[in-house]
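Chain lettering (A, B, C and D) follows the sequence in which the chains are written, and residue indices restart at 1 in each chain.
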Amino acid sequence: MSQNPQGPVSNKIELIRFCLFGSGRMGVEYARIIAEHPDAELVGIINPNLASATVLSDQYGGKPFRSLTECLESSEIDAAIVCSPTNTHLEIIVQLAQAGIAIFCEKPIDLNMARVDQCIETVQHYKVPFFVGFNRRFDPSNAALRTRVSNGDVGQLNMVLLTSRDPAPPPLDYIKRSGGYFCDSTIHDIDLACWLTGETPVEVFTSASCLVDAQIGAAGDVDTAMTILKMPSGVLCHINNSRKAVYGFDQRVEVFGSAGMLQTQNQRDLLLSHSSAAATDAQPPLKHFFLERYEQSFALEMSDFINGLKTGSAPSVGYLDGRRALEIALACDVSRREGRVVRL
Amino acid sequence: MSQNPQGPVSNKIELIRFCLFGSGRMGVEYARIIAEHPDAELVGIINPNLASATVLSDQYGGKPFRSLTECLESSEIDAAIVCSPTNTHLEIIVQLAQAGIAIFCEKPIDLNMARVDQCIETVQHYKVPFFVGFNRRFDPSNAALRTRVSNGDVGQLNMVLLTSRDPAPPPLDYIKRSGGYFCDSTIHDIDLACWLTGETPVEVFTSASCLVDAQIGAAGDVDTAMTILKMPSGVLCHINNSRKAVYGFDQRVEVFGSAGMLQTQNQRDLLLSHSSAAATDAQPPLKHFFLERYEQSFALEMSDFINGLKTGSAPSVGYLDGRRALEIALACDVSRREGRVVRL
Amino acid sequence: MSQNPQGPVSNKIELIRFCLFGSGRMGVEYARIIAEHPDAELVGIINPNLASATVLSDQYGGKPFRSLTECLESSEIDAAIVCSPTNTHLEIIVQLAQAGIAIFCEKPIDLNMARVDQCIETVQHYKVPFFVGFNRRFDPSNAALRTRVSNGDVGQLNMVLLTSRDPAPPPLDYIKRSGGYFCDSTIHDIDLACWLTGETPVEVFTSASCLVDAQIGAAGDVDTAMTILKMPSGVLCHINNSRKAVYGFDQRVEVFGSAGMLQTQNQRDLLLSHSSAAATDAQPPLKHFFLERYEQSFALEMSDFINGLKTGSAPSVGYLDGRRALEIALACDVSRREGRVVRL
Amino acid sequence: MSQNPQGPVSNKIELIRFCLFGSGRMGVEYARIIAEHPDAELVGIINPNLASATVLSDQYGGKPFRSLTECLESSEIDAAIVCSPTNTHLEIIVQLAQAGIAIFCEKPIDLNMARVDQCIETVQHYKVPFFVGFNRRFDPSNAALRTRVSNGDVGQLNMVLLTSRDPAPPPLDYIKRSGGYFCDSTIHDIDLACWLTGETPVEVFTSASCLVDAQIGAAGDVDTAMTILKMPSGVLCHINNSRKAVYGFDQRVEVFGSAGMLQTQNQRDLLLSHSSAAATDAQPPLKHFFLERYEQSFALEMSDFINGLKTGSAPSVGYLDGRRALEIALACDVSRREGRVVRL
């Protein structure tokens, strides 16, 4: 272990002081990332359930608090990470905005468009930086793909195809409070499609089924879905989602245009192939789920947020990006429920 | 060259006597396949433009005729291949059915559902074998994929994804009389989707654009399309089509289910990769278009037809398969024109 | 079947009249290739065992003869294919050379260097074209690889690595009269190494074992071998051979130089991969052995020979190529037996 | 940054106190690994050139010292990492052994077999744990490959093939004091070959050239080499090395046996392929050199060393492993200089 992990004193810069709302799976991830970041300091972990906050602060530093008010009594805060349950986001965002604290908010911002639109006024009024956690933009292969699209390596864009399949469905409890498959999961692909094309769809169509687990259907949700987004330029985007791919977390992007195609491949834990009398080139299944698969993305995303705060540049993924993805995700849900095209 | 190409006399079997309607690109292909087939004999090539038939008969044997009547005056005929222009198919089919000749018909049978439904009565009345040329079912990799699906290697089917992109658009003249992108090209993918799932869709949605060549749009057609077919079981099928992929003829099938995934890869002319300071594993583009890419499929398909005639078994791709694919292709066109889901 | 398979009369060219020595596995292959070639005619099949020749002539045409003399009494002959047992090659070659007939000879020409050197004088005296059957040069991927090497795509050559592993050992009887692993099998890789580098090695080292079948060792041969050839320029070539790869016929070429690397991949029967909970990207084993794997090569090689005869150009693989590969194969055997480097 | 990076107090374990000899490229790597390791503490950095040690200690903690004696006056030490210049290793090892400090030594231990054999007596006398830094055994894909070999997934081993090519040669100065290509670089592959087969070769042959940079040859060294190791069981191992692969650091392992083959692929920075009119599946070059490519291996190796110290188990890579690899590397050099097989 390091006695001085942030490097020589002469290189010391002023640290961004962070508080963290939420101490669940994503809270652990963000606490670790902040603890390891040379330019950031984890000051407070805020959870009305103080015991949960304490476990996390024991491991990654910072003090546990029941509320932002308590936290601010103890220390000044520059920035906050909001990864508490979705239905608490907006209230916390308002508090943070009023306190002038920069906000990093997990997706989705909220599940209700009217509330989201109301909240944006507060955020804009207080002029706090607001960053939405669409980490997949920061995956190095996705980022390189987009750079190459910008460089014209596929010419004029014609199609985007996104495959996003989980290794296994989450617990039914989670599904019931997730806001539905589209706001919970497809929203990532929707953001990627908009980001890669630089466009917002004019038309959304989703067809979906419950083929993985009948209990998901009984809960009113779906587990298998295909979506088409049509962009104003005519570019077509396909998204396919499944809650269960037995061979592992399947995450592929394909972009097709007048000058060619770019494709990302699945990230592998082991680079090993086996050839036998039964099969050749058999490779191990894709073991990792999103925290491991997108480990680099989460860290790079936070660096981007921190760097923006240090340089004063606008967040690279803003409130309106979060609003747009939510609006499209909700349209997917309407489309699959009503069996019709939704125009935006 | 062989002096006795069909093998030793002792192995001689009775040859199926063929006539061929049409002497265009597909006519040349079928003439060659029949000429090389050990159990078939090319007796006549029928084209009102006798000069065109003569060029083909000079190369592959058989005599040129202006009409079926003329041909039948000269020889008995067991089977006919119909690859004349689409708008001539039905009239020829009726003649052949009345003459009791087995029919192999290029897709689409016709572009008009009412006419197709009327014709089927004639075909059924005369009880002639009728085979529709969906050759892609006979591609060895596609056929092996379906066998593995039947064997349960992907468990319960959830999704089918079909990518079908041409290297370059056909001449505008061809496009204008092709019946539109869906009846001309997507129809192959539609047949594959139905064949792989063993189902007929209940719901069709297509979104399409003209991104490759504005002249195609001016002609009322599209060149870039995405389709979703929803099957009664809830299985979802995606099809994406483009008239122009600069890296070559892109033909991929992916099938996803509860126990895994099967994927076909593009067929390559050369198995050669190059690693340099600029890139690694760079492989040559996919050079071949459909006649080369599906060369094996065309030959295997015709063998299947001939074998069916010899054994008296029903054609493996029948009139109703052709009717179904046409109906869905027409629904795709309605869907993209009217911007709505079409229920079948 | 074709009534006129060689094309229209107006395109008729004078056919090269062939006789074929040998009616074993390779005899069948060459008979078929000649029967299908538009510029060649199979006139005679020569085998002292007339019954064997008759079986082949029944299938592919030509008449059966007991000897060249008998054959020449019946017809003029332009060219001969020699694929009788290796120990009969030289005697046949001398007869053919004296009769002024162009010679296509299977590898190896003979197993005895002194006899090979003596025979070359006869061949040169009678100035007959002489082609040695190193068909792997004509494999489209190998040929493309060499063209790219010539084009400078790997810069200055540094290394060649050749993997050549059979799916299963031949019968022990065959092994006993094969001339040993190096003259029977490695000789192909040796020829490739010389052809790809444009050089003849100055130094040969081979290490070998009997790991596949102890009976092969008991017969004085080996089944697992590694060879290093050092070229005058310093280029190093590695060859690895095994008599048994359970996943199929493994044939790979890698060329490494100052500007990069070129690699060929194994040819696959099916382009299909399977992903399951056990493995991803599992592909079918490599089913085909050499007659199927190198089917194209055999046909292209014969076309090259025939084309050379028609244009009067020198054979692209000549007697000295066959002599060189034999000399190196014999040196490999000395090296592995005596455990020492052999200098050429 | 973390205020408490090693985790909650209740989980605190006694830290292994480390000193580090050397502050060059590998010194930086090991200092970082120790600084980040939860069970280790970097106490001292020892370099007669104190300024160099100070730079490192400023960044990763620990105090700079001129000698072990000075360091021990300041603190107790449990373990030492020796990555000073090779010619200083043995003297340091003796000091550490006498002080009862566990030793982690970079390869090679020394370049002189007699000195290595003398030193081992001291190490054994003082019974200090001794670990040799063959990090490539700890690469996850290599480790998984060996586990699968042990599990019988390739059956009885027949061949091992190792490709190890650097992106560019080191500075000429480094080459001159490196001990030659085989002790500097091939030694890693030699260790892998022995480790994968569980055997020590009876016979070594190396052929080598200077094809990358004539200055390397002028310095008496080579830059392109191929080696065959023959194991007592008859298993054959091939190693190919180049000082310059323009497409990047090429590190591949292939193991072939009676039941199949295992292969590792090169690790990629980006999982992105590009298809254009010029090429398909073109992927970015392999950017990383050994510190990045084997980053995980270095960390896992050190964890293994630390874990061994904590549990009292014998080092998984011991002095005799280092001695063996050196002996074989020296035999490679003799073989290539004298152009003969070397028997061990």
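The rule is short, and it goes like this: contacts are C-beta pairs under 8 Å (C-beta built on N, C-alpha and C of every residue); 3 or more make two chains touch, one makes a residue touch a chain.
Predicted model, so just to flag it, every value in this text is computed and none were measured.
Listed by label, the chains touching chain A and chain B alike are C, D.
Shared numbers divided by all numbers used gives the overlap of an interface; between chain A and chain D this overlap exceeds half, so the copies present the same residues. Once the centre of each chain is set as its mean CA position, chain B and chain D turn out to be 58 Å apart.
Chain B and chain C have Cα centroids separated by 39 Å. Remark: chain C and chain D have CA centroids separated by 44 Å (rounded to whole angstrom).
Residue numbers of chain D whose C-beta contacts span two or more other chains: 246-247, 259-261, 266, 273-277, 284.
Listed in rising order, the residues of chain B touching chain A in the complex are 155-156, 158-159, 161, 165, 203, 205, 207-212, 224-226, 228, 230, 234-236, 238, 240, 242, 244-247, 250, 256, 258-261, 339-341. By the touch rule above, chain D contacts chain A in their complex via residues 1-10, 15, 34-42, 58-62, 140-141, 144-145, 148, 153, 259-267, 269-277, 284. Listed in rising order, the residues of chain C touching chain A in the complex are 246-248, 266, 273-286.
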